[in-house]
Amino acid sequence: MKTVAVKNIERADKATIEALGNLGVATVHEAQGRTGLLKPYMRPIYPHARIGGSAITILAQPGDNWMVHVAIELCQEGDILVVACTTENTDGMFGDLLATSAMARGVKGLVVDAGVRDIMDLENMGFPVWSRAVSAKGTVKNTLGCVNVPVVCAGEYINPGDIVVADDDGVVIVPRNKASEVLASAQAREANEDTKRSKLADGILGLDMYNMRPGLKEAGLVYLDSLDELDE
Amino acid sequence: MKTVAVKNIERADKATIEALGNLGVATVHEAQGRTGLLKPYMRPIYPHARIGGSAITILAQPGDNWMVHVAIELCQEGDILVVACTTENTDGMFGDLLATSAMARGVKGLVVDAGVRDIMDLENMGFPVWSRAVSAKGTVKNTLGCVNVPVVCAGEYINPGDIVVADDDGVVIVPRNKASEVLASAQAREANEDTKRSKLADGILGLDMYNMRPGLKEAGLVYLDSLDELDE
Amino acid sequence: MKTVAVKNIERADKATIEALGNLGVATVHEAQGRTGLLKPYMRPIYPHARIGGSAITILAQPGDNWMVHVAIELCQEGDILVVACTTENTDGMFGDLLATSAMARGVKGLVVDAGVRDIMDLENMGFPVWSRAVSAKGTVKNTLGCVNVPVVCAGEYINPGDIVVADDDGVVIVPRNKASEVLASAQAREANEDTKRSKLADGILGLDMYNMRPGLKEAGLVYLDSLDELDE
Amino acid sequence: MKTVAVKNIERADKATIEALGNLGVATVHEAQGRTGLLKPYMRPIYPHARIGGSAITILAQPGDNWMVHVAIELCQEGDILVVACTTENTDGMFGDLLATSAMARGVKGLVVDAGVRDIMDLENMGFPVWSRAVSAKGTVKNTLGCVNVPVVCAGEYINPGDIVVADDDGVVIVPRNKASEVLASAQAREANEDTKRSKLADGILGLDMYNMRPGLKEAGLVYLDSLDELDE
Amino acid sequence: MKTVAVKNIERADKATIEALGNLGVATVHEAQGRTGLLKPYMRPIYPHARIGGSAITILAQPGDNWMVHVAIELCQEGDILVVACTTENTDGMFGDLLATSAMARGVKGLVVDAGVRDIMDLENMGFPVWSRAVSAKGTVKNTLGCVNVPVVCAGEYINPGDIVVADDDGVVIVPRNKASEVLASAQAREANEDTKRSKLADGILGLDMYNMRPGLKEAGLVYLDSLDELDE
Amino acid sequence: MKTVAVKNIERADKATIEALGNLGVATVHEAQGRTGLLKPYMRPIYPHARIGGSAITILAQPGDNWMVHVAIELCQEGDILVVACTTENTDGMFGDLLATSAMARGVKGLVVDAGVRDIMDLENMGFPVWSRAVSAKGTVKNTLGCVNVPVVCAGEYINPGDIVVADDDGVVIVPRNKASEVLASAQAREANEDTKRSKLADGILGLDMYNMRPGLKEAGLVYLDSLDELDE
């Protein structure tokens, strides 16, 4: 592994990032063809945060958070730290001191495929984190990794500068060069969902709204009046 | 697998279901001889919901929520959707649109041995869910399953119309034809627990209240004054 | 296994225990050289509790909470029940009745490498629990274990009377005979962290505050201006 | 839970059972509409065993193998012991002594949703086991369960007398009253597979043999000449 | 997700691939700077196979092996099928019929982040597989995925045409355009290891051969004569 | 954590260790009151090895095998390396070079609560390993741990010099100062088992041999003639 830190990365347009963040994970994930989701073991440390930002990617070694310090210097207002690890690890790579430092640079949150600690402090500070684990286990600063190289984090390939959207549903990544396209698609989808939601609230069935009955019949679904018919 | 949807199922008496729901999972589980619990990986998406209802059972394919749409048409006021899957799967089979539709039909909640999404919306709507995972992963509508057949969901065999009780402790199933019997037993148990609780709060030990000392002695428990005696 | 219950154990000084509890898990863990943490699967049943107390250790059999009853008699004001199990088990070994009894004796909380139930009640009572699982599964009282012997709980070796500190970050154990030493170290650390926190909040980088740049250079970290340089 | 042992169960025809056993898990699973499989965590303790037999079902308590002893008395030549547990447990409920006893009664193997031990001895004896775990952990004989009642084992609902087929691929259950029907279907399937296998070995593609090309086209699959076209 | 199948991919030089395959996973992984490993849950279905080949990448949907059929047409002599899945899934996406078809085209093996079945047949055929699970669960052919696009499989980003090396230690990926460079490095490493192996076999310690003593001393390692000194 | 390496440890008598090793894990575990077992996730890398030896304990950092090198110097003929890790880690801390070195010093095997690699070589060398994982992932030599201090490895507290017994059933630890006592008990148990085995092979039931019928009746077991009686 070449141990490098890339100083300058391209970021998407701020308004686009903000808009994607507001739309939330499920809508954005659908809008880009059901791609980009991190695995569902990535959970928020407190409920009801929703953010969007540019990924500063970090490849860390297990039990070692040295590269997080390197990464913070390279952050700008609106960035989100994204930590991958060379192997599965739950150590507490990030706590309230690093969060203080990150917030001082305008970082909006952290996505870490490892552990995090001081979570009550982080909640009080309003610094949201999505992680694999909560663990107070301290980490060393002995082995190099990388900053701002492409990484695989929680099963998803992420380039530095890609857009990170995170909320209670998890984390989704939008490739930087598709941000506008995905935003347009997501906004259209949301508008469309409002109409659907109204109809469903009025009691119209999905079966009818989506015209599913012919397909179900063709696929061979059989309606029985009662369970007794099943065993006949 | 015969791919069927059963339209009419028998349900237990509404008052009985309501009463079981109010008693909660632990009490009902004990009252029916410590049976009926779903595995503990089934967790609520938000704290402090407690519901009881009749199971509308769904057998879904991995990554496919087609049968949930079929099931909603068959729901009545007071029902609870119970989704089993043919294999282990965490995809987001249910979100705010399906919840809107389900609530329009009086459905009280969802138990899904897979994933759920839009959980902040669901919490805001007051639609509780117990699931294996939270995941925004979208699902297709391509492969049939079943509605209202017996299923194994999270390790428990469930018939359509069985009573589902769910709260912070998890989910328990009461067979429909035992609902009254279990309710009576649960109410007796609860009354009995109030007495016990008072005694314990007054400092009476469980050892004495349950008369455990003779049994412990017979089983061979030895009291030592200090740990030093252990190594002698 | 000798099935014994040890009646008298030594405890650390109350003020020391209280002070350690207030400092929290991450600080105490660091202060004793990054030792003593239970595995991160041990999670609190509700957020924002923070306690310190003396361990009353219990070795239970799977699906059997007999020894918890034995242990409660041996508790004093300020103790914390610590339940290990002879094998991995998630059954609900503890609920609101046992909590009522424990609270009547001044017990401050529970750490259990198994399951717990009635968690809404426990939250309402203000009785915090750190556990491997939430499960309503009832337990029997048929097979002996031990009370107040050394146990391995969630990967950590614990002696009766050791200090337990638990909060949102998990659980850490301080050996009884090192309590004062660890407290001094933890207090020094916390004071030191306040200074660091101020500097970081002012925008000083960890890279500079900890003087990491020479070490990074020596280890071979290469800064690139852009990602394009990586592939050259 | 009523703690009962049912002495007499119905079994399928011996020749049918034998034939199902020879066909193996994958073929039988397909032949009955892709149902009946136990979860894939159930693995054989040594490779290359393949058996079929009638299920003697056992519901055991965690860490307790008392009911296995009760079950062996009720076994006949050609039976297979099927152990479910009231909660997830890996203790070694079965070893060489029980296997000796079971073999003396003609039992052909064991399926246990818990642990097994003495596996080198079992392999030498030719007594195959499919289990969740290998563990030497000893078990007690203190708490009742059931024998020959319906159980959920590794996610599958099993009635006593159902046919168990197990091999390197895992374990599948055939409901007793469908044994002949499934056998006929499985034999037809296997004959059909021989023809397919020859064609595929000759280089005919599944795409053509199954006539998949029109369906792929209709579903929207696009062939690109090279990856470069993807990004255009 | 654009559902495409890419017909033509670039492959590395055959001799290089063969040589990398012979060197094995650990050596190749080290030779490329400790990168490229799939997660360790990927295990061979039988011991002692060792292969190298060019990746034909497949992105499959859970429970659906349609794209495997599409992929086989695009394989050449010496290729290895690499199946990623849009979500975690253990279904048996591959069995003896697909293996027959794949072998007819010269495919050397399969790496699948899902399940595989007919493993006894596959072993008899000499068709090695590395998988997440063994499962007889049948799959449908209903939902499109992709063939020969970049995928993340078992935590590793893989391009079509990358070199796959697999043996008892797991699976490692070598980027196609680094194949020669990695081979040279791996061969040098292996030569070097032979020398080391001889020295170690002669009783020379790693401490001395790698000159570790100064570093250990500098890092602060303290040698004690006996454990008693630790507690002094 | 004090980073120390203890040079001299006490070992049990060689003949006793050898005899314990021959008796195997299940027998030794039972003979010492069902204690001492490592968790069942510790599995052998190849079948049918059985060893006994004195534990050289190592506490390693995640992804770092520096202390293994330190430990090998402190080994004697008949020792077994026992590696614990400060957090859960699967990296390949040990391979054929370290095995060569260890064998040169007479080490009989390895127990590692992390990963191992080169397992085909290790099998060919006849160097058995019990591990949490197989992984080719390379490790660094950057952070100190300890050698020959008490550790918790796979859930069990182990002192240097304790006896390790390992076979296909897993790993069990015998405290050094109880070695003779446990050996006597294990030999008595084995003799006793031979008698039992003969009786069981002759068709005598465990129910009768252990006189279980009165206990079952007292506990309330009810025998039914057929399953129909259950629902009456």
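Residue numbering begins at 1 within each chain, and the chains themselves are lettered A, B, C, D, E and F in the order written.
Simple rule for what comes next: a contact is a pair of C-beta atoms (placed from the backbone, for glycine too) under 8 Å apart; a residue touches a chain by one contact, two chains touch by 3 or more.
Here the structure is a predicted model, which is why all the values come from computation and not from measurement.
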| Residue numbers at the subunit A-subunit B interface: does the shared fraction exceed half, giving same, or fall under half, giving different? | different
| note | Cα centroid separation, subunit D vs subunit F, in Å, comes to 30
| remark: Rounded to the nearest Å, the gap between Cα centres of subunit C and subunit E is 39
| remark: Expected list for subunit F, residues touching two or more other chains, is 2, 34, 86, 88, 90, 135, 137, 143
| note | Checked against the stated definition, the touching pairs are A-B, A-C, A-E, A-F, B-C, B-D, B-E, C-D, C-F, D-E, D-F, E-F
| remark: Listed in rising order, subunit A residues that touch subunit E in their complex are 1-2, 33-35, 39, 86, 88, 150, 152, 155-157
| request: State the interface residues of subunit E toward subunit B in the complex, per the touch definition above. | output: 61-64, 86-91, 135, 137, 140, 142-143
| said: So in the complex, the part of subunit F that touches subunit E is made up of which residues? | reply: 2-9, 46, 66, 69-70, 72-73, 90, 92, 95-98, 100-101, 103-105, 115, 117-120, 133-138, 141, 143-144, 148-149, 160
| note | subunit F contacts subunit D in the complex at 25-26, 29-30, 34, 37, 40, 43, 47-48, 50, 167-170, 172, 193, 196-197, 200-203, 205-207, 210, 212, 215-216, 219-227, 229-230
